[in-house]
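Before I ask anything, here is the structure I am working with.
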């Protein structure tokens, strides 16, 4: 299958989220990164392109230049999809220009700084019939997709309560550090982050998971947000009451100041017949609770799952997808060794471990054959 | 950083483990697959090369042709590393030829069919000063690396017991199915799989983890293997007593007939002062037990970890590495949409979800500003 | 130590909570049940007294008779403590009379039907200098007591968020059954249960745990309750926003319609330095989270715990207190056997299992002595 | 139901296991402790009897006196059941005398010091038609009983492997302390403990659980025991290979030197169709694994359980049996308060907590009634 040519706006040297998007694009193996505007600083952008092995002629000064140059290329060489991984405030102007020029987009969230901008982008996408994907990454987990399917089949009966939580603790180190650090962090600056920190950054993921898995719309909210500390200008913590219909209520709890919490996103949907619970830190376990049956644990790579879930998992049962990264770590060590770089011998198993293993298997089989005797290895 | 040119032997159409190696090589981003011998059937091999977008001229008929052609190329264009992902019986002859010709190798396990072959490869690697990595993938997990480091620092005191388990259940479906299926599965055929099924395929991983994490050598084994059912020729289950030194004993338990077990690999190392326990199905949790302190849970992406562990994890704390695959699933959906293929709307969040999210954030902030009132969304 | 003479109001034949109080009084071994008013139906009350082996002369017709008769006895023979385990509506009148007559009380919750009654009881207790215990049973768990102590020592830094949950599902079977069953259940009848079902029955436990563990007072609440279904008169589900101080907010979530949830009471207290989390269904595990240290798991029966927690656990580490009930099940089987009643042979291990065990130990030691050979058992 | 009169041999002041037996006998409420020989030191025995409120005339000097005196009493007053909780070496002579005199027994384990003694007791029990219960407490857990029933129904198909583990760490503190402490601990002294420490004390529990749950007999063993340290005379650690039939093998692993392990007893029985796993530290969770269905979690107090399991649990679902001890802790605090002893205010909830709770419920209901407004509490 021919790979789709992809561009990227933002995501240059040291950018965590840009790197994540590139890895994801390589894992699914449908894209080829051919160029972009990797930084607002053109020199840095070019430096990144060189390191990444990207053709210098497609490392552009700005989005306008990218659009002009790419549109000048024949269709089969042109970037088809562009990934936007800039700071929040640039999402809207960048996306708008690119949509107007006919590019498909993958955009980090929050999509824009306010509702008006968001609606403007939606109108453009519809009008130009383009693909636009927002990086609500958690909807890519196989067991979230299984959850959606089980609910749509009516397994839960009437839904009676929804409860989603997103707890992190990392902002503690900032607000309980020095004053200068508070103002230095862009997420706490309304100009760069928009009107909300905690709800805008993570609460919205919980919201999205509720609507994604249940297929229902939240109608009304009542919120109680907390700045937590003097001098902080945006919410770092909050609880949001939800009303989905008269008899269906729920709650979103989100916080960036829960010390020791890492990325504790959970969702529970409670029905009259059964309930479903999922937690991001153990994403391969989906729990189905019922008043009359033993609790069931769904896991990926089983025939009992729906097609949507199964298509999103490529390992056999019991292998977390993170095993690819484990194998990638081995490959990384090999690369260092082949390149003559310094590496830790613990980075990959060598032929010596291979010999040890073969001796183990040999001795084990011989011990058994000889009536369960001790064998040297 | 310039990517290393990589070849592959085996791993063509429908090969699970070849695909895993390719994904891993793309994740770490240090390799570029340029050619190989993807199948013993040359037509299938060429078909695979075309699908994968690999230059037809580097899709070779056999290993001999690959060696001849690649050695004829200038050094900077030549394959540097070759990944061997063939059935077990071909590992040795393939690896031997490639090592003799100076190629660095990444090889699936078991490395060979017997100890003599293994020792011959080891000698070749040493003599030719080549990099040889065996795919003991589990040693790539960050928390296994952290375990190794904690033990080497002496955190456990004197090691008093080691216990590793590798339980799977998938062979049940074969041996309790029809007779023809038993003979049809290559892992149960001594000619293709070697002298052992359970110990050769999975027990050896448990063995490797013990030697990797403790830095100790197993000296002697006493085994009790089980064919489980009439007509089976290789062990499908077994227990192996270990002797590492007079006062240090341990056990490996492995089975392929534990119904419902998926890939339940665990390792526990018990010391006089403290103990460490790890389980592959929740690979981001490493437990340190002590008689005098609360149990501690180590997780990746924290300053308290050693460098080797930290280097093997690229996500912030609380994000399982499998989140890359979640994001890759989103990218996959985008690719289908852009290519005009059929896809499920649940495969990626669109601009509409973006609008919903912005409305949510807006309403939440407004509800709070107006004294915790209900707001429509 | 001389046992305290105890009376009981309510809790007769088939009463679950009365039985629980009696078991608890026998476990701690400081009380002796000598009489009471076990039912509003005097015949049933007498029947219960006989079965329980209680002196018929102290099985009273009503509370007034109990008071009169007991006060007529010499002090050392008189009931000192009375346990009130009647339906909710009788708590107040019963407690009032008994307090006025100078009895110490243990009372089931909710203490009364409304705040005025509650305050009247409080005034009486203070005036008469009596002991009054309310059955907030969860505060008796060792790890809840450890949580309280750790917080009072300042381990968490500044508390920034509290979150307690109490989810059950058992009312689903009632409200989704027939209409007649809805009206037949006293908890759904405002006259018997008071103004609230979910919050009055279980939400208040979550509230109590927050105030107990943090030592703080909740100042204000904002609630959103849900009747869930047409025809129900009391809340079966709800969320309560909490304000403990300007910068300390929290939430209580409680429900009786979360299908499949059993008794899922959890509490989490998040601080600037660390956080504590506990869950009732695994009550021996208390988790301390921090941004800079591995998560720690506190368990009972360790020197690292505070005195209050340790005094509440009588088993060695790793033995859940429920092991007493396991042993009690063995004793129960013995009683059946000795009495010549029918019993299942699986109810207790006999001398035969003893012989088997001795043979096992003998063979195991001999196998080892003889160089790890197989031994018959 | 009339209580059975019970005597006790051993278990006096400070004895942990005697106290556990007494608690268990009070929980099940079928026994009344009327006398015994609580210590080999008669003065200490009398002291204990006084504290426990036991009639001095039934606190005997030795077992012979007990037998003579009790047999002289009329049948309905006589001790029917005697609980033996002495050090191991006294189990046999004590039990023998009592069985010869016609008493029913409950005996701590190991039943005797060797096989011959055990068989002699078995013969006596059979001959005299007496009830003899051995304290294999773990068989009293409801989920172990459920496991037995599920297996006997054939839910697992053909059993293919059994694996039981019993890991503790407490002996580390002894063997890594001073020499004098090693000899001071009776469990490490062959004269008092018999031929085995680890296998005799805990390995035998694992063995018993295997035979109890599967209903099968272990035919042969091959063991590898470890003294762990110079100067130790009994096994502190070991692995035992099991043969139940030609195609059914298994393993018991037990250790007293696994630092940080508390009482980690687990059992797993693997079948051709499904498998069952249970762990003592979370005794209310029984896992049923299958290759084709989601893993199921069985818990006590559900209609889906067998009668034997249900009869062994007296709390509603989700309440661990340890909740009785939580309630007993509340009662304990009340006793201290009533007796005028010093106590910690955190030991029981008072009327004040009752008032707080009523205010909470009141405010919560009012906030909801008034359109989700903040209410003071």
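Per-chain numbering from 1; labels A, B, C and D assigned in written order.
One rule holds for everything that comes next: a residue touches a chain if its C-beta (ideal position, glycine included) is under 8 Å from a C-beta of that chain, and two chains touch if they have at least 3 such contacts.
In this text the structure is predicted, and so the values were computed from the model without any measurement.
Trainee: Out of curiosity, which chains are bumping into both chain B and chain D?
Mentor: The common neighbours are A, C.
Trainee: Comparing centres built from CA atoms, which chain ends up most distant from chain A?
Mentor: The chain lying farthest from chain A is D.
Trainee: Of the pairs B-C and C-D, which shows more C-beta pairs in contact?
Mentor: C-D
Trainee: Which integer distance in Å separates the CA centroid of chain B from that of chain C?
Mentor: Comparing mean C-alpha positions, chain C is 48 Å from chain B.
Trainee: Between chain A and chain C, what's the gap in Å when you average each chain's C-alpha atoms?
Mentor: Comparing mean C-alpha positions, chain C is 43 Å from chain A.
Trainee: Find the geometric centre of each of chain C and chain D from their Cα atoms only, then give the gap between the two centres in Å, rounded to an integer.
Mentor: Roughly 22 Å, centre to centre.
Trainee: Give the residues of chain D touching no fewer than two other chains, as numbers and ranges.
Mentor: Residue numbers touching two or more other chains: 170, 222, 224, 238, 241, 261, 288, 295, 299, 372, 374.
Trainee: Contact residues on chain C for chain A in the complex?
Mentor: Contact set of chain C toward chain A: 156-157, 160-161, 163, 167, 169-170, 172-173, 176, 222, 224, 226-229, 237, 239, 241, 247, 249-251, 253, 255, 257-261, 268, 270-275, 288-291, 295, 372, 374.
Trainee: Give the list of chain A residues in touch with chain D in this complex.
Mentor: That would be residues 222, 241, 288, 292-299, 302-304, 372 of chain A.
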